[in-house]
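Common to both upcoming complexes is chain A, partnered first by chain B, then by chain C.
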Partner chain A sequence: MAETCAVVGIGQTKYSATRGDVSIPGLLREAASRALEDAGCGWTDIDAVVIGKAPDMFEGVVMPELYLADALGAVGKPMMRVHTAGSVGGSTALVAASLVQAGIHRRVLTVAFEKQSESEAMWALSRPLPFAPPTLAGAGGYFAPLIRAYIRRSNAPDHVGIMVGVKDRENALRNPYAHLHIEDISFEMVAESAMLWDPIRYLETCPSSDGACAMVVADEAAGDRSPHPPAWIHGTAMRSEPTMFAGRDAVNPRAGRDCVADLYRQGGITDPRRQIDMAEIYVPFSWYEPMWMENLGFAADGEGWKMTDDGSTSFQGDLPINPSGGVLSSNPIGASGMIRFAEAALQVRGQAGEHQVDGARLALGHAYGGGSQFFAMWLVGAEKP
Partner chain B sequence: MRDVAVVSFAQLPNVRSEDKRNEVEMLMPVISEAIEGSGIPRKEIGFTVSGSCDYLVGAPFSFVTGLDAVGAWPPIQESHVEMDGAWALYEAWVRLQHGDLDSALVYSFGKSSLGPLRDIMVLQLDPYCVAPLWPDSISVAALQARAWLESGHEESEMAEVAARSRRDAKANPMAQLSEERDPATLLEEPYLVSPLRRHDCPPLSDGAAAMILAAGDLAREVCERPAWISGLDHRIEAHGLGVRDLTTSPSTALAGRHAGGTDVEVAELHAPFTHQEPILREALELGPQVTVNPSGGALAANAMMVAGLTRIGEAARRIIDGSATRSLGHATSGPCLQQNLVCVMEAR
Partner chain C sequence: MSDTDTVEPVRSIRAPARLEYRFTAGAAQSRFLRHLVEGKILAQRCPQCGKVYVSPRGACAADGVATREEVEVADRGTVTTFCVVNVKFAQQVLTIPYVSATILLDGADIGLMHLIQEVEADQVHMGMRVEAVWSPPEERGPTLESIRYFRPTGEPDAAYESYREYV
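Then we have the complex of A and B:
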């Protein structure tokens, strides 16, 4: 079976709308250098480099792993570039882990990034759909009808989406790397913000960010010797399904349910709500928090919104969701999935600083992409599996 | 390492412009052929991974619809690299090493006909200092050819590679360019970008390919002569053309050493430009006894993102059909052979 492996180093950039102070390689090196420093190793200790990002059109560089080879110390090493739509940051971490799990490498550096200020991501995301008039404007245009379907199915009250928008921005105030630091965030501010794609308001939407996130994934021996506590990987899973076909449930997709079932089987999880201490999940629009609570098995179908409503997912709740502020507070698209994976690892390492969840021993990192069709997840723990 | 083999490979005939079918319609027959050729039921394939490039299609997420050709329902374990399909093969091989899955589908697609490829590939270069100068892909290859010639070679060596490749391609029904030409007459033609003549350059091709990998007993069960992967490695070099010795390919040499690329009978080298074949031959220390590019290579068909995987597929085919016992497939990526992958296969 797969070799035991761990996250031994994590590095993030400060996320912001425009990182005009650094070039693309400068942005990646900022995250990668911090991850190496955290892991207590140098560039030469790295056996291979795996990078990930969303479409090349966001920066206008075709297959940027070629250009970035020098900046990431990859010369003379294997280097790969993953692209699986919005889930890519998670998938990239999984490919890096896979190299160690396969017993091929001891230490792999993985970096995911986006420098969205180089282009206009909203239009790059307005992909024409077959047999449909080109009326989409950004990812919100795609996901709003799915959210409306969720609200109809579950009879969730309107204020739940607003609560998520408030909660994640409050969480972001405890995370120095977060893009959005809205000091006076309030229910009224979110409720009164402009309606962009009904029912998604402006402050229920993720920002457009520049940023990079990096991790060093290492084998068991390197994990045992790491200078800071490692986050041991207890399970990894990915699932995909086609964008559309008759009968597909795009609101509560089977690919997500199958993916998490695989993950829980690997991690020996039978009661996720009780056994898992916290989760960093991909919530680009506020309503995706309750939707994913159901898809991930934390709540019964139709009940996910109650977890938000009763405060269970808040920083003080019994299952804190996105204490980092989540995608709603920082969204360098290609990195957003990896940030979820890295933040879950930070929590079980006890290194999340002001947004540390007390007693976090087992955490879930989650990413999704495409038309809610690509899923990547991992389960990390303070103890060895 | 766990024993993993190529048990099936399929490709579309390469054409200048596949204007009747979109990418999904191109992939459907080729994926079905590879799966049916393997004898493994589609629903039992453990892992799926593909390689493609959004900039060829001119749209983001071009691989997403590719999934429609796979039959990904119930949901599958699937991944994608924005690289040649050869690197998708690498990811699949790594995944099969975990031991819990026994088979994988690897595929890639590329339509060079959809845009001005020479210009599109400029966007692969350093975006701050090189791309703004707009050196197109043939001009960049010409810089390497010039450096190679000045290191003590003749243009006639390049013409011989072109003539041999296009002659061998006559036996390959999937090839796009095949002809019988005398190398001496090729040298009478004008330069396209000095010192490259038209025959030194690859054709613009549309194509797709799919491959099935199987591990251990499953491979033996479904294939009479599996092409066992005895070594697989890839390495990258610096990007800046000015910091590399363009007359050699150290990343190929390194990958070849790690993959154990010695004593092969056949080598399929991904050398889109004629001068790159001898550079790769030297890096891999292939002697005159090694048959190089019997398919005609990338000089006969060069669908972007597909041509590398196809080299490995062609090298595997020689093992599977019994015409060789040990073969090598090579793939390249980036300007002037910046990144290289070597896959060594053998009969057992």
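Then we have the complex of A and C:
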């Protein structure tokens, strides 16, 4: 039986295209310091550090955790690095939580980051594979065919993807940390933006951001004494599946469905649409909102797009999705999953400011990565489990 | 006045990185690659689920068993889904726009990624029947690039139900 644990501190940097004012260690230090301040504790109160980022090839710094230990106060403490591609921010938080749930540590600092201005993700994700034609064209090139298959399978109208692109950028206007603040965002602006990876338009795509996100995960005693309301962890789950196997449903992957089933079982969720108040999910391309609505059991197969279309997922809807603006508004890749987890926690702590969802008591944080084969999720609540 | 007041601080430097590696294709894929030189596409059937893998990797990732039975599959098939790439990026080899497609070869149970050409990008569609355009025999090597690209055959489209499980 896992020990009860909670998020007691959250720190985010301002996300932007270029944080030229700080180095990579400085960027992490900024997020971590804010998380410690929020938790009302100092560097010496931290027992261990768990860090995550997307592939080292992005910034070209191999095993950056080694030189980042100093900036994160981890010298002489256990430090661990997590790798699960785009889902890594979520998986990193789960590894931190597991160290507390297992009773090994009382307070763990977890940090995830990307500095895309010092990186070239599009290049790194488009290297020709040996013995194959050079068809790869970044993450969009991989996910566009899956989106096309989803649209065909569900007969969703074209405007649904555009609606998500508008909604998440409108949400971002209420989040001071968000990278994109497009004041005059409109349906027409998204619809008329360039078709980059048909059927994905420019404004249906996430930006390239610099940024870091950090959390302090603590045991029950530390949670009870925390200066701000903690977010209690009600469930954690990770699953993965191979990228390529005959019969794989890459549009609605089995690993995601299994992962969320485990999560709901732990959290006693039998009717997610009614029991869960809001969710922060990993939507790097607009169509992934309706696709994940189905994978996460919020909608029946083929019906996810209707939740976007009828406004259910909007800030005022019955299941607000990504009130922070989501990955579509801020994408420091390695941190993007952790931001989802942290934003879910912020909501149940009542600390989300202008993008606070009224009455959010139970929230889902979700991340996915690789070729839709890595999944990480947690369920956090205002009350103890 | 000291130099530090007049010299702009260094904020970043360019540090070129190079990565060299040796890739071992493995027994199953090596046989597949050698057959491409002869204009043949070699696949492997899983003894458990019966699915036909191309390119073969020597094992079925779903069942976790070795796939020893070799079968030849056709060099024509169906476009199950695709992307029209219209993004420029560093060291891009192809000229945009180009179509990168998942092609379900006749006789296979998993899609193969390749290029679609000899047709306007906006004419490519799901279910389109396509065939391999091979390099001349003397130019072929042990690589999928021995197939230069796929092009439409002109056959009627495949029924959606025949390929919907293979995207």
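Convention: the second predicted complex is superposed on the first by the 379 of 385 C-alpha atoms of A that agree within 3 Å, B and C clash if a C-alpha of one lies under 4 Å from a C-alpha of the other, contacts with A are read in each partner's own complex, and residues count from 1 in each chain.
Convention: a residue touches a chain if its C-beta (ideal position, glycine included) is under 8 Å from a C-beta of that chain, and two chains touch if they have at least 3 such contacts.
Since the model is a prediction, treat every value here as computed from it, not as a measurement.
Asker: Using the touch definition from the top, say if A:Lys306 reaches chain B (first), chain C (second), both or neither.
Answerer: In the superposition, A:Lys306 touches no partner, neither chain B nor chain C.
Asker: If we overlay the two complexes on their shared chain A, which of chain B and chain C does A:Phe245 touch? Say first, second, both or neither.
Answerer: Both: A:Phe245 reaches chain B and chain C.
Asker: Using the superposition on chain A described above, determine whether A:Asp198 touches chain B (first), chain C (second), both, or neither.
Answerer: second
Asker: For A:Gly60, using the defined touch cut-off, is the partner it touches chain B, chain C, both, or neither? Pick first, second, both or neither.
Answerer: Touch partners of A:Gly60: chain B and chain C.
Asker: Which touches a greater number of chain A residues, chain B or chain C?
Answerer: Comparing chain B with chain C, the partner touching more chain A residues is B.
Asker: For A:Leu146 in the superposed arrangement: first (chain B), second (chain C), both or neither?
Answerer: Only chain C is touched by A:Leu146; chain B is not.
Asker: Do any residues of chain A touch both chain B and chain C, and if so, which are they?
Answerer: 57, 60, 128, 130, 242, 245
Asker: Quick check: in the complex, which residue numbers of chain A touch chain C?
Answerer: Interface residues on the chain A side: 20, 57, 60, 118, 120, 122-123, 126, 128, 130-138, 140-141, 144-146, 148-149, 152-153, 194-198, 242, 244-251.
Asker: Which residues of chain B touch chain A in their complex?
Answerer: Per the stated touch rule, the residues are 1, 48, 53-55, 59-61, 63-65, 67-68, 72-83, 87, 90-91, 94-95, 97-100, 120-121, 123-128, 131, 233-240, 250-251, 254, 333-335, 338-339.
Asker: Under the stated contact criterion, what part of chain C meets chain A in this complex?
Answerer: Where chain C meets chain A, its residues are 11-12, 15, 17, 19, 23, 25, 29, 33, 46, 49, 51-53, 60-62, 80-87, 89-94, 97, 100-102, 109-110, 113-115, 121, 126, 142-145, 147, 149, 160, 164-165, 167.
Asker: Applying the document's contact rule, which stretches of chain A touch chain B when the two form their complex?
Answerer: For chain A paired with chain B, touching residues are 1-2, 23-24, 54-57, 59-63, 65-70, 74-85, 91, 94-95, 98-99, 101-104, 124-125, 127-128, 130, 237-243, 245, 253-255, 258-259, 370-371, 373-374.
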